[in-house]
Amino acid sequence: ETITVATVNNGDMIRMQGLMDDFYAKHPDIEVEWVTLEENVLRQRVTQDVATKGGQFDVMTIGTYEVPIWGERGWLVSLNDLPESYDVDDLLPAIRDGLTVDGELYAAPFYGESSMVMYRTDLMEKAGLEMPDAPTWAFIKEAAAAMTDKDNEVYGICLRGKAGWGENMAFLSAMANSYGARWFDMDWQPQFNTEAWANTLNDYLELMTNYGPPGASGNGFNENLALFQTGKCGMWIDATVAASFVTNPNDSQVADSVGFAQAPDNGLGPRGNWLWAWNLGIPAGTQKVDAAKAFVEWATSKDYTALVASKEGWANVPPGTRQSLYENPEYQAVPFAKMTLESILSADPKHPTVDEVPYVGVQFVAIPEFQGIGTAVGQQFSAALAGQMSAEQALDNAQKLTEREMMKAGYIK
Amino acid sequence: MATKHSRMSARLMISPAVLLLLGWMLIPLSMTLYFSFLRYNLLMPGMEEFTGLTNYRFFLSDPAFFAALWNTIALVVGVLVVTVIGGILLALLLDQPFFGQGIVHILVIAPFFVMPTVSALVWKNMFMNPVNGLFAHAAKALGLQPFDFLSSAPLASIIGIVSWQWLPFATLILLTALQSLDQEQLEAAEMDGAPWIKRFWYIMLPHLARAITVVILIQTIFLLSVFAEILVTTNGGPGTASTNLTYLIYMQSLLQFDVGGGSAGGVVAIILANIVAIFLMRMIGKNLDA
Amino acid sequence: MARSVSTRRKLITTVFAWAIGIAIFFPILWTILTSFKTEAAAIADPPVWFNFHWTLDNYATVQERSNYFRHFMNSVIISGGSTLLGLIIAVPAAWSMAFVPAKRTKDVLMWMLSTKMLPPVGVLVPIYLLFRDLGLLDTRIGLVIVLTLINLPIIVWMLYTYFKEIPGEILEAARMDGASLRSEIIHVLTPMAIPGMASTVLLNIILAWNEAFWTLNLTAAKAAPLTAFIASYSSPEGLFYAKLSAASTMAIAPILIMGWFSQKQLVRGLTFGAVK
Amino acid sequence: MGRITLDKVRKAFGDIEVIPPLDLTIEDGEFVVFVGPSGCGKSTLLRLIAGLEDVSGGQIRIDREDATNLPPAKRGLAMVFQSYALYPHMSVRKNIAFPMKMAGLPQDEQERRIEGAAKALNLTDYLDRKPGQLSGGQRQRVAIGRAIVREPAAFLFDEPLSNLDAALRVGMRLEISELHKRLATTMVYVTHDQVEAMTMADKIVVLRAGNIEQVGSPLELYNRPRNVFVAGFIGSPKMNLITGAEAAKHGATTIGIRPEHLVISTEGGAWKGEIGVSEHLGSDTFFHVTVNGFEAPLTVRASGEVSLSYGDTVWLTPNEANLHRFDAEGLRIA
Amino acid sequence: MGRITLDKVRKAFGDIEVIPPLDLTIEDGEFVVFVGPSGCGKSTLLRLIAGLEDVSGGQIRIDREDATNLPPAKRGLAMVFQSYALYPHMSVRKNIAFPMKMAGLPQDEQERRIEGAAKALNLTDYLDRKPGQLSGGQRQRVAIGRAIVREPAAFLFDEPLSNLDAALRVGMRLEISELHKRLATTMVYVTHDQVEAMTMADKIVVLRAGNIEQVGSPLELYNRPRNVFVAGFIGSPKMNLITGAEAAKHGATTIGIRPEHLVISTEGGAWKGEIGVSEHLGSDTFFHVTVNGFEAPLTVRASGEVSLSYGDTVWLTPNEANLHRFDAEGLRIA
């Protein structure tokens, strides 16, 4: 039997493709075809396929944003019947909750992530500062100023700027949470016209224009990773998974001088970190449920973690999904393990920000319309970063277009 | 040629092509048209309902629509201007005798074979990247501030990339046309006392008119639907600075999965494309018959 | 203008032409060079030209990640198949337009071309639904059909312009000689149009090979051509210039080589009737 | 056998009637030449016979059988085109073999006929060349070879020599004449070169705007043109046509006299005139003489070299026996 | 003024010497025709004079001034090309105006000259058409018009009539002759049609492989060809050339006699022969007569209609006064 697996082209997924011999040894009758795509393309392709019941894929890599929506629509096969040995209860509750709708687990987490501050210990030292475990935004600003040395192409801070709900808006939404801003009030009225959003965006723009790298409006996770790895960033606030890349001496020129801290806050309660997981789900249309399940089970099992550890070392195992991993003493030796776990635990999708919100999701709003709105808003903020418009104008546009879309979708009259 | 028999066979033989294209056009088009009147989001199945012109109202009142319209025109016209003028100059150069003509032809034609995705990736990362790109290196070597092409001048950068891909095509057609110019006409003009520049203006350029029309027609067809280059380099941004109609519809229907809105956009784009088509056909029809 | 061009002028032209030729080719050259570098050398500033440590690692990595050969074969089959199918449909159509022109021939031709102006994104969802119902998703045959249809107008137009250059008298001679319509097309028209057909075929293969929208959206694994292969590199992680270059080189090399070898035919035919 | 009969054949392209109903019989073995000014319908008529155009009315019979609706291939005719219409991708041998291949003749019979035709047309050495490697005259011969091997009931030629240069034209003209003598097959030949018409034809058909103006042997047409049009069309240089008072003297609206039937003299004669341009060919001299009271200058032929120059006064005397007289409708007065 | 002198002019393309050093003087107002077989260098010579090719050696003087290195536009010559070389996108008026526009002539002067040329060439009704809408003859006239308005020191024509059909050619030939009479400007005219050469030239230059074989007036060349080549080249139909025993009888290696200088008789004469193909033109009849012992059949011209037919035995008698004798080198024996 051949199953087709759609995955995102990130390092953990690619690594898995290299370890398939183990799977084939255990399931000699199953053949796996990979479709590896860039995140946005992947999302478009699988959504289109699942929504139209195209049946092209048997296993899909999907994010925490999609799972509840799709699960609710009955588009995914329930994974409640995974065998005992899988140990569902070992999954981190924060992650598992996000994948469960009405008691049915609709996807198995492959890795989970939050966001945190990664910084250069050497530069920090040179600047005469010390990074606390839980910094504030004010400190980040101070540190960024101190570390920036544009003549030598060292930029104090690298942040996402590329437009997209999963790109710059992931960061900005999380940051906004720590500023007390929110996407919608309880009547689904967009909130970009609030003081809190204005502060968020102004601070972001100030950080980036003064201490950020050139071309930041086109930088996403990957671009920033490349910058950080080549020693061009003093600090980088991004996904916790990046930690294993920046500390990998094969790829990173700064591997031995990276420190980690929790995402900053403003003393209002929420920190500016998000919660995300890439999960494996099985679309309801597939004819090959058993084979697909076998694969999902294998890929998200403890054994797989052990397999990676044995082949590539503990630093490279997919993080953020299982309690047991963080209890493993070998893993605890990994420098970023603790900070990752803390970050994940500190995010609360049900209460992401200071005020009450009608939606679930830290750095996204779990409604179908959000992809479009988030991307369109992201474009406005990206344009502001590129200097094509002012912050006020960007916020104004964001407010208007969000109102428009919400009106069209019928949330508000 | 014109016997009844041959006319009948002609009709028979053209019909597969016509029927297939008709099907290819009408079936999806009517579906698109139908969808455009629905409130239809892929993510919310079962909620399709007739909404009349709502989708059109939203699409046409979207500020991004006008930006996209303008960007589409700028992109098409920009690339046409660059490739036609560049193509003429290049064709004039390549028409001269020089050593290694064959190899230079090969070098010049090469971009035409490159996939749009690849060329966009290569240009974006290895040349236009403001930190690690070659242009940035060059600027720094000259003591200049690296220019951030894709965020400061996104549309122009895309025009540049697309022009690079289409320049060979224009050059080749124009070169062939130039070589087909009757040498005696040039000699006659020379005898008539026309210096080179006037020979170019009065003899060569009019001779190239047909070829230029063809270049414009073919390129316009492809340029109206430029997509991969935008997706890869700027994602239509910053803001909507490099969003063209194709990309805008893509965002509507495939990022937001708003099939209804996307279909309305598609219908609008089809109408606009047909306006362009009619305009072009007029031009080409006139020029090709002459 | 058969006056001898002075050697000096020829030398100057040579320098100019080569400079511009190399400039135009440079991005490709640079990509190929970079594909043999280490990631560190790939972003070195100042750039390294030739004196770097040449390595094939990137190719190995890329091959490890994706099955290049299968994508390659899909590309070959899809572009070749759509070209062949396109020719089979277009030759008769072009024949009738060129040799039995009716009042509306020109309009039909223009209409065919105008179908190419339809924005593909506008009709993706309907086509996707159709393909799903017909079981054509992720099949080569499905892509062959789509690419045939989108390139058909160009094929018809190109063939039409070549056929028009063939004197009608020759076909009449064949008819007098007792050739049926079929033998007229097979024995007389087609061989005479070989140069034109060759460039039509080449152009169509190039267009089909590089078509990235439909090939990406209608395939998953089995039928995915090289455009899908490259799509997984559009934003990989970390330092990736060298790997990206290797993947790019692998994706464009086949068509580049084919294009170079057949450059003459391609160029000769690539005029769309613009040159009489 | 190759008797071709056109019975009230007419042809219209859309609304324009190019050939009004027309009757013509071409006897078996005859060499018939169609001449006429450009656009008069010569090619159209030939193509109607060939079946390359549908008739708009009337009937075409070949050997008594109705061929009006037969496709070209079934009529048993062979055509030689002005552009030769050789298949450029086939060798000479294949070109010649093509009609036989289409007819499904056995291989050895094909070989035999190719050899025969090649020998007759002096093509044996070129059988394996492509048409592109042949000279114009050779190509023309291949086209004829392709026609011969079909052993057709009749040959149709549409200006077969007009793409050749003058010298070759003379040679090919002789060759086609000889071929006709040898094969004795019906030949229908279109030309606008009236030297070809005069030297090759058994029967000339003069067309004007789709109408037959006169049918007859070359010398009949030369000696007794039925009307002014034929008189002016046949003969080179053209017949001098004189209207007005001088014509009236002879009881006609128009009189005609050929250049070779005028006697030139410096002493005296019928018409006094003045020498304009003179053309010295060595063998002959043509004088263009302006005669008072005549509209156009008269062309006069003098054999050999005659030393008269621009502006000299001369007298011209028409040879009464060769004077042609035409009435107001342009018809010959017997 | 238009006196053109070529002084040891030679031309080589690469290693191939197309024109060996050659001297030639063309007097002001003369009509000089270059004739010769294809590829002999006629066009090359004309283009050297025009300045469209660089000479490989020697000097070209126009009106005593050294023009060897002048660009074409500065030589004050106008050229009419075989292909007409009209500018297809310009109207007739613009075509004719083009050289004046380049020279920066005032608008009204341009208008005046265009009117003049159009009237002279009968183009007034066509001034606003594009060349594509004109017939061959009209196009040729436009090309001439474009040359005239420049009021050049000399006109250069490269086979200007060879793309026209026979009838038009005769007409245009006369028109160009008349133009020359009227303008009295030097004209250099290339052709391979020797009727044109004979009728138009003041002076004919016969070229073979880049060498001048003979220069002289048409009748000089007709009556006293300097060698066998010129003898065979000038005259139509060609001179009959006889070698062998019969020539030896006249003390020559080759003797030549023109068709019009042979007398045909059914009773008796010098050479006995048999009639082959005969061509009846009405005005003349040409017989091809096979004479025993002669290599090739002789062509004989008989005026008017003579009733002799295929296979008849006849006797031919050469007109002794018109017999040409050539030695072993092919040179004329005086």
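Order of writing sets the chain letters: A, B, C, D and E. Residues in each chain are counted from 1.
Assume a contact is a pair of C-beta atoms (placed from the backbone, for glycine too) under 8 Å apart; a residue touches a chain by one contact, two chains touch by 3 or more.
Per UniProt, the chains are B, C = Sugar ABC transporter permease; D, E = Sugar ABC transporter ATP-binding protein.
Here the structure is a predicted model, which means the values were calculated and not measured.
K.L.:
What's the rotation, in steps of 5°, that superposes subunit D's Cα atoms on subunit E?
P.N.:
The two chains, subunit D and subunit E, differ by a rotation of 175 degrees.
K.L.:
Could you let me know which interface, B-E or B-C, is made of more C-beta pairs in contact?
P.N.:
More C-beta contacts join the chains of B-C.
K.L.:
Which one of the chains is farthest from subunit D, going by Cα centres?
P.N.:
Greatest centre separation from subunit D goes to chain A.
K.L.:
Per the centroid of Cα atoms for each chain, what is the distance between subunit C and subunit D, given in Å?
P.N.:
53
K.L.:
Per the centroid of Cα atoms for each chain, what is the distance between subunit B and subunit D, given in Å?
P.N.:
Inter-chain centre distance comes to 56 Å.
K.L.:
Going through subunit E residue by residue, note those that touch at least 2 other chains and give them in order.
P.N.:
Residue numbers touching two or more other chains: 52.
K.L.:
Can you list the residues of subunit C that touch 2 or more other chains?
P.N.:
If we look for residues of subunit C contacting two or more partner chains, we find 1-2, 43, 125, 129, 172, 231, 233-234, 240.
K.L.:
Would you give the residues of subunit A that are in contact with at least 2 other chains, written as numbers and ranges?
P.N.:
Each of 48, 52, 226, 230 in subunit A touches at least two other chains.
K.L.:
Mind pulling up the subunit C residues that touch subunit D in the complex?
P.N.:
These residues of subunit C touch subunit D: 167, 169-170, 172-180, 183, 187-188, 191-192, 194.
K.L.:
Residue numbers of subunit B touching subunit A in their complex, please.
P.N.:
Going by the criterion above, the answer is residues 41-45, 54, 58, 62-64, 129-132, 146, 148, 150-152, 234-241, 251-252, 254-258, 261.
K.L.:
State the interface residues of subunit B toward subunit E in the complex, per the touch definition above.
P.N.:
On the subunit B side, the touching residues are 182, 184-185, 187-195, 198, 202-203, 206-207, 209, 290.
K.L.:
Using the touch definition from the top, list the residues of subunit D that touch subunit E in their complex.
P.N.:
Per the touch definition, subunit D meets subunit E at residues 162, 165-166, 170, 174, 177-178, 192-193, 195, 198-199, 218-219, 222-223, 234-237, 258-260, 277, 279-284, 288, 301, 303-305.
K.L.:
Which subunit D residues qualify as touching subunit C in the complex?
P.N.:
Listed in rising order, the residues of subunit D that touch subunit C are 50, 52, 71-73, 77-79, 81-83, 85-90, 98-99, 102-103, 146, 150.
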